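Take a look at the structures below.
In what comes next, subunit A is part of two complexes: it sits with subunit B in the first one and with subunit C in the second one.
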Partner chain A sequence: MTVLDILLSGQLLFAALVTGSLYALIALGLNLVYGTMRMLNVAHGDVVMLGAYGAYWGFTLLDIPPLLAAPVVAGLGGLLGWALYRGIFQRMLSGGSGAGNNRLESNSLLLFFGLSIILQNATALVFTPNNRAYNYLDTVYHFGGVAMTGNRLAALLVAGTACIAVAVFLSRSVFGLATRAVIERREAAHIVGVDVDYVQRLSFILGFGSAALAGVLISMLGQFSPFSGFPFTIAGFIVIILGGLGNTMAGLLAALLLGVIETYGVALTSANMRSVLLYGAFVAALLLFPNGLFAGRAKSR
Partner chain B sequence: MKDLFPNRWWTLLWACCLLALAVLPFVANAYVVGIGLTVLMWIALTQSWCVLSKMTGYVSLGHVVFYGIGAYLVVVTWQEVPLPLAIVGAGLLAALVAALVGLPVLRVRGPYFVILTFGLAELVKYTITWIESASGMASRILFGAPDLPVIYFSMFALALLSVAMLTWVSSSRFGHGLRSLRENEEAAETLGVPVVRYKLIAFVLGAAIPGMVGAIMALRSTYFVVGQVFDPMISVTVIAMAILGGGDNARGPLLGVIFLSLLSELLWVNAPLLYLVILGAILMVFVLVVPNGLLGLFERKPVPVVERPPTDSAA
Partner chain C sequence: MTLTKTNRRTAVGGIAATVLALASGGVLAQADKPLRIGFSMARTGMLANATPSQLNTYELWREQTNARGGMDVGGTRRKVEFVTYDDQSKPDQAVRIYEKLITDDKVDLLLAPWGTPFHIAIAPVLEKFKFPLVGNTAASVALRKVKPGYIWFPTSAIPDRIGQELVKMLKGENVKSVAVLSNVLPFTKEIKNFVEPELKKAGIEIKVSAEYPPDIADMTATLTQVKQANVDAVLALAYPGDSVLYAKQAKELGLNNPFQFIAIGPSDAFFAKAVGATSAEGVVTIAHWSPKAEWKGSQAFYDAYVKKFGEDPDYLNSALAWMSLEILETTVAKTGLDKAKMREMISSQTFDTINGKVKFEGVQNVITPTAFVQTQKGKLRIVWPASMATSKYEAKKGW
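Now for the complex of A and B:
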């Protein structure tokens, strides 16, 4: 295949679309927690990994189809988010220093990092560090010369639907309005009567739940291990750096862009380049936007 | 010096540690000397990390990158360049890398700096992995590395150097400048602290020592795997040690090293997963409950202030 063949193949476009939609879903949850609390959840990808394990055990031990298990696993993810919020972060956020303080942000990052290490290694202790995979919906369909497996189609549909559902919820519901108010100006939202604590709690639940859902979808597509969560965190960060805060459409586009960069980059070089590409894009994005995400809004903090 | 030796008990503690580490290679077997070497390595890494990260609050999760670069230089130039030159070169190369990436990287603030340093270290790791596999090198073995005592005392010198450096920085005008930018960078800049230059100098100073440490540890393991010398868990252990110890002088991090070295020695090789779970838990507990570290616990009760000339306490 020549380079042009590679670039024009519908197969790659489809692969990029699937990857992009999963990244969009992952970034959505990350964005919600970051937006409302200014905390970078580096353990987000590990929740994705836990979701993958949930689907895997449900399928291999109990014969539950992953697509049916998905709501349950997402609910469990949300429960984990709720527990962590009540146990650790609620107290931190209501402390005197308030969100938006650099020291608090660095500290919360170290907390999440500790959590990430615990989740990865505890999972490896309990379930062994081996790679896992299972076969599900692997019938191949052909659409206009592009071969698509059922599981990839399902992942694309579910991730796309979930993204749109969350986006509509955030733009139409009262909770969505409150969330956007907290994202814009936390203090002002509090003054006009928004229940900031409630918004934060629900953001945690929604964020963790959507991560677990993404994990279920990812488990259907290929191998995963206790340590495969972190790259998803990085991918999510790239998307929210490029896409913007609370801007769902731009986030979606950024996720698709990252999916394209990764899929085409790997196709043009080698599979070994995936991590280099991912971390390269991450470093480049952060260096281009050194004030972190959305420098324009930083003044309001 | 008062930072390191606030009273005679601390002086006694450090004197005992110093003496024990200095005579260790003459009295103990190779296994115990190996443990001593690991302790010295953690001292050098943690103290050098503190120069930027404890003093300015710019928490770097990428300290291992300098260690890895140093190790890689020694491995690549093995038997082509005299060893002492390669080790010094490793320190210089690490410092040079820090100087080159320092300006753009240090513009990034708070949590973004933390996660950026992690990403940068991983990027270097994967790039070198890719280069090595492209050139057909899965791993390398070093033949004819120096004996353990030589390695041990080189590391001993580096550990002393790192403690001396942090002690100097912590009490110098430069160090006070760094502390001021930790408290409020804008205010410090307004008051005339050259924040950009200070941050960069601290970053470069803190990079040279891990470069040389990595070079020496490559001689110790003699077997080189990219993923091992760029293991992000080295950075995490350094942070855990510094946070566990607490304080922004040389004393706290030394305490952290003493407490965690034992744990890492016992568990890292035999039960790495369990070790990392414990490390993560320590990180969370200390950030959340004991943000001032062990030093803060020991010195929590305010000593009654008695008005008298300061010469009395300079034991």
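Now for the complex of A and C:
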């Protein structure tokens, strides 16, 4: 294939969009939690993995189509987020300012690491470490020479819709306003009467719920095991670094960009270059745009 | 605190009970004591998803053996008990576990861990303690460098021989051009390194030769290239982790190459469930076993496995695991637990297994030929070599 062939290939564009939209959905939840609480959830990918199991068991044991199960699994993910927030993080976050709060970032990182290890190994114990995959919506559709398997098309549409819905919600609703206030100036938001605790709780629920939803979609595409969550955490990190930590809107664009970099980059070089491309984008973004690619407007926090 | 006190008391009680139980066990005669067999297995970590087909086989064997009254140890039947640890997918962890099994747990016999790096890593431990172990799920040319006498490898799926046999098969099917896609993990990379020179020697054109990382999540770019190349055969040197992705995307892009080879994955029951029966149909993969009338016990093993686990055994790993158990059983029935006698017998005798006769020269099985199987009407059939084929190869018709 010539370079021109690659750049004009609709098939690659479709692949880039599927990858990008999934990255966007994953990064969205990660970014919400980071933005509102300054806590980096390294167990985020493991929640994605749990969502994949939810869809898998629903489909193989109960014959529930994954797309129908998706809202339920997302709800369960949200419930897990709520439980963790109430059980562990609420107390940490309300520790007030001062020394305790300074350690918040590192303490929460340790907690999330622990959570990640527990989720992975508990899943392996309960569900066995077998590879899991199932066959759903495997009809191939052709649109103008581009072949699209039903499940990949569905993943793109659902992830895209979910991202846009959350984006609209955050930009139009009062909660969204409050969220952005907390992200930008936490203390000030508290002073002017924003219910910070409520914003944080809802961010946890939305964050975990969207991760579980992403898991449902990913389970339709390939196989997964209890240990396949971590790469998604990494992809999510790269996206939010590209887009700017806590900047949820820019994260959506950054995710699509990463999908494009990955898909076309691999086509132009080799699949072995995938990690180099991903981490290359990561390092380049940190060096050149430490506040994110789209940080022109924001005056920094 | 009261809470800690209670805990401590419970713990002391627990220890006392254990000691008592152990002490009373010691009074019993040797024959009533269970035979303790140790092994490590990757239950967690990156390789854990590959091990269940082997572990299931061990479990099935223990169940059947104990139902028969136990394992025959030089004429006396003793119930079998497993002592196992999770090696967390780390070979160095397996080394420590086997040392512990031998010196601390003082197990009577050892079974193999999963995978080539683990077999190679524990070989020096076996040599140090002169403890024999029949390997199973290891396949690499590197195995031949392992010092013989303490570990043996029944597989014939060694990459250099796979390279030669696969090219012979391709030539026989009149294949003129191929695409080679390889996961960069050791086993598939090794196959690639051996198959490509053989292809060139045979005058088969390699139109696409691509490698990809184990964590690949989308193959569109590579498979678009393969589609354009319009080759007669695709050799997808994939691991279980990416064989499903390959099949799903080959279907999306409509790869219609008649010869579709996927290295690892299709021999395991999960593959057909994951990609659908039509996609799995006609895929060729590596395995040298299948239930077959002249291989005594092969059908019984297959039936028992399906009955217990509700799915087919892995035609490569489960079969190899069972063979290693058969070899161990035959040996111990004759030699008892005398390690030196065991080593001598395993090194010299010809064994009957569910995969036919097995004889070791050095560390290698010199009888079983390297073979390939193909999914035909939902069942795996041996299609190469002709000498042991259970069916004839058929071109794959779409996904």
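Heads up, the rule we're going with is that the second predicted complex is superposed on the first by the 244 of 301 C-alpha atoms of A that agree within 3 Å, B and C clash if a C-alpha of one lies under 4 Å from a C-alpha of the other, contacts with A are read in each partner's own complex, and residues count from 1 in each chain.
FYI, a residue touches a chain if its C-beta (ideal position, glycine included) is under 8 Å from a C-beta of that chain, and two chains touch if they have at least 3 such contacts.
Note that the structure is predicted; figures quoted are calculated from it, not measured.
Applying the document's definition of touch, where does A:N121 land relative to subunit B and subunit C: first, second, both, or neither?
A:N121 contacts both subunit B and subunit C.
Which of the two partners, first being subunit B and second being subunit C, lies in contact with A:S275: first, second, both, or neither?
both
Applying the document's definition of touch, where does A:Y134 land relative to subunit B and subunit C: first, second, both, or neither?
After superposing on A, A:Y134 lies in contact with subunit C but is clear of subunit B.
According to the stated criteria, A:E105 is in contact with first (subunit B), second (subunit C), both, or neither; which is it?
First partner only.
Based on the superposed arrangement, let me know which partner A:A15 touches: subunit B (first), subunit C (second), both, or neither?
Only subunit C; A:A15 stays clear of subunit B.
After the superposition on A, what does A:L287 contact: first (subunit B), second (subunit C), both or neither?
Only subunit B; A:L287 stays clear of subunit C.
Tell me the contact category for A:I88 with respect to subunit B and subunit C: first, second, both or neither.
first
For A:L221, using the defined touch cut-off, is the partner it touches subunit B, subunit C, both, or neither? Pick first, second, both or neither.
A:L221: touches subunit C, not subunit B.
Taking the contacts subunit A makes with subunit B in one complex and with subunit C in the other, which residues are shared?
120-121, 124, 129, 272, 275
Under the definition above, what is the set of subunit A residues touching subunit B in their complex?
Where subunit A meets subunit B, its residues are 39-40, 42, 88, 92, 102-103, 105-111, 113-118, 120-122, 124-125, 129, 234, 237, 272-273, 275-276, 279-280, 282-283, 286-287, 290-293.
In their complex, what parts of subunit B are in touch with subunit A?
By the definition above, subunit B touches subunit A via 57, 59, 61, 104-105, 107-112, 114-116, 119-120, 122-123, 126-127, 129-130, 133-134, 236, 239, 243, 272-274, 276-277, 279-284, 287-288, 291.
What does subunit A use to touch subunit C in their complex?
1, 6, 9, 11-12, 14-15, 18-19, 120-121, 124, 128-135, 138, 140, 147-149, 152, 221-223, 225-227, 231, 262-264, 266-267, 270-272, 274-275
How about subunit C: which of its residues touch subunit A in the complex?
For subunit C paired with subunit A, touching residues are 42-46, 48-52, 184, 210-213, 215-222, 224-225, 228, 240-242, 244-245, 248-249, 251-254, 270, 273-276, 279.
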